[in-house]
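What follows is one structure encoded as structure tokens, with my remarks underneath.
Chain naming follows the written order as A, B, C and D, and within any one chain the residues start at number 1.
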Amino acid sequence: MRKNDNHHVVSESRLRVRYAETDQMGVVYHSNHFIWFEVGRVDLLRQLGFSYREMEQECKCHLAVVDARCKYRVPATYDDEILVRTYIKRVRGSLVHFGYELLRIGDGDLIAEGETTHILIDAKKKVTPFPQKYLEALRNAIGTPKVEAEP
Amino acid sequence: MRKNDNHHVVSESRLRVRYAETDQMGVVYHSNHFIWFEVGRVDLLRQLGFSYREMEQECKCHLAVVDARCKYRVPATYDDEILVRTYIKRVRGSLVHFGYELLRIGDGDLIAEGETTHILIDAKKKVTPFPQKYLEALRNAIGTPKVEAEP
Amino acid sequence: MRKNDNHHVVSESRLRVRYAETDQMGVVYHSNHFIWFEVGRVDLLRQLGFSYREMEQECKCHLAVVDARCKYRVPATYDDEILVRTYIKRVRGSLVHFGYELLRIGDGDLIAEGETTHILIDAKKKVTPFPQKYLEALRNAIGTPKVEAEP
Amino acid sequence: MRKNDNHHVVSESRLRVRYAETDQMGVVYHSNHFIWFEVGRVDLLRQLGFSYREMEQECKCHLAVVDARCKYRVPATYDDEILVRTYIKRVRGSLVHFGYELLRIGDGDLIAEGETTHILIDAKKKVTPFPQKYLEALRNAIGTPKVEAEP
């Protein structure tokens, strides 16, 4: 059973490790995992029917990160293909909480797990509730288990 | 009272926000805070009498990150001068746990707080205990309170 | 006629602009274009039948950049899909010279054009000639025109 | 004789190579040099009496990069202290052309030389001439030779 089987929608994004993302330890530098989480987050939103780019433009608002954490299991290395699995853990008012798994496609190894919490802020940096259509889309993404295809 | 008043050694590093570190929200992109933590971590080690560069070369070992987290309080913006306060929370066997505060020098605002946990690994990526001299230096850095000068 | 119609092999890589790659001007920060060139370069090598990762491991050598330049035509923006067209301009001894075009897939706009020159160096950082099989693959990639499908 | 002895004002910025800036070749990844150029550019402007941050806010304009190039001489490595020497090569209408040298402070080695060309654009991304006070400050920075202290 997969850890995120109790979440309804899980998006899967693929990316390949760039040379620029490695460091002299010969592995991916640890701040890049948070950038990959963002790749997954945007893809999940797209899969829910809206683009983050449009949301920023439409409601002049941004999803500001208030908390980010990552547990590193095994190092990712140059040229690895990475699967980013993203799901929504919680939505409430103007807050949304995402969870992530990074898997190496070659051997299925779990590279890292993480989570980020965001609040919606308007153009004046004030916390603002999600417009109804976004709130519904986000809420619908949390739910009953759904069997996912293996990567 | 400052949160880290119960830690003996607190290093203070200064850096200025680079244009490359901002994003289209007009603030510093959140993965950069982890890079700043690293700047602080290396300075703290230097202050304890050893350079991380030499440690890597001498013992052919690396401090691999196993956990990283950050709470974002207020956004850092372009050209801000940032103070990185770094301290050691815990040292045990081959594990070391650092804490960080990022403060804006201009107004003293707390930008973010974070922590990272690392394990020492050798050239074959095996967990290895700290060489005695490093262990002692790290342990001595944890201790009784010491009043710090305000930034 | 396309600028690179007189080159035989042109690889085409696709990527999507990441939020982390934007800056507060609201466009992609200019150093990222060089990272995208690298994405194209690695894909071109893969298309020629060898992976840069394996080459580094096999011959304990690296392609060190000695010159890089980029002309920026129109800004790339967040979430744009980018096509990286990469071709080889010159190969000689231990030197290889790549050319690049970055195009926005949505409207076909030319984002930027660039080139990078590399020399092969061994584990001791000495300039070293390309192993025969790599040299041939690289040389075969330069040649007579070939009509490319439009992006 | 130093290459930039025929330029009046040369700013000198210091920075220390971050772990995040290295790659698995064990040296600084080549796109970072352009970020360091920006550090130098902003410091040169500050030295001329205005901050780039204020300029962006005051005239709602940006210096967009239209051309960037770098010649890499010797690799920079982790923890090196780098001196960025920046000077102005040319100013004309809405265009400014900067030159850079990156030197390793430890041994004085020339790491790289580069240049970037920028045009001033307004909030609507239209090319716009420099406000008089900026134009004068920039022009005054070009001029007769001035002996510089060695790093």
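Here are a few things to note about the model shown:
The rule is short, and it goes like this: contacts are C-beta pairs under 8 Å (C-beta built on N, C-alpha and C of every residue); 3 or more make two chains touch, one makes a residue touch a chain.
These numbers were taken from a predicted model, which means no experiment stands behind them.
Listed by label, the chains touching subunit C and subunit D alike are A, B. Distances between chain centres, each the mean of the C-alpha atoms, put A farthest from subunit D. Taking the mean of the C-alpha atoms as each chain's centre, subunit B and subunit C sit 36 Å apart. Subunit B and subunit D have centres, each the mean of its CA atoms, that are 29 Å apart. Rounded to whole angstrom units, the spacing between the C-alpha centres of subunit A and subunit B is 25. The multi-chain contact residues of subunit C, meaning those touching 2 or more other chains, are 19-20, 25, 27, 31, 35, 78. In the complex of the two chains, the subunit B residues touching subunit C come out as 19-20, 22-27, 29, 31, 78. Subunit C contributes residues 25, 27, 30-32, 34-35, 62, 64-72, 75, 125 to its touches with subunit D in the complex.
Every residue of subunit C that touches subunit A in the complex is listed here, in rising order: 16, 18-20, 35, 38-39, 42, 51-53, 78-79.
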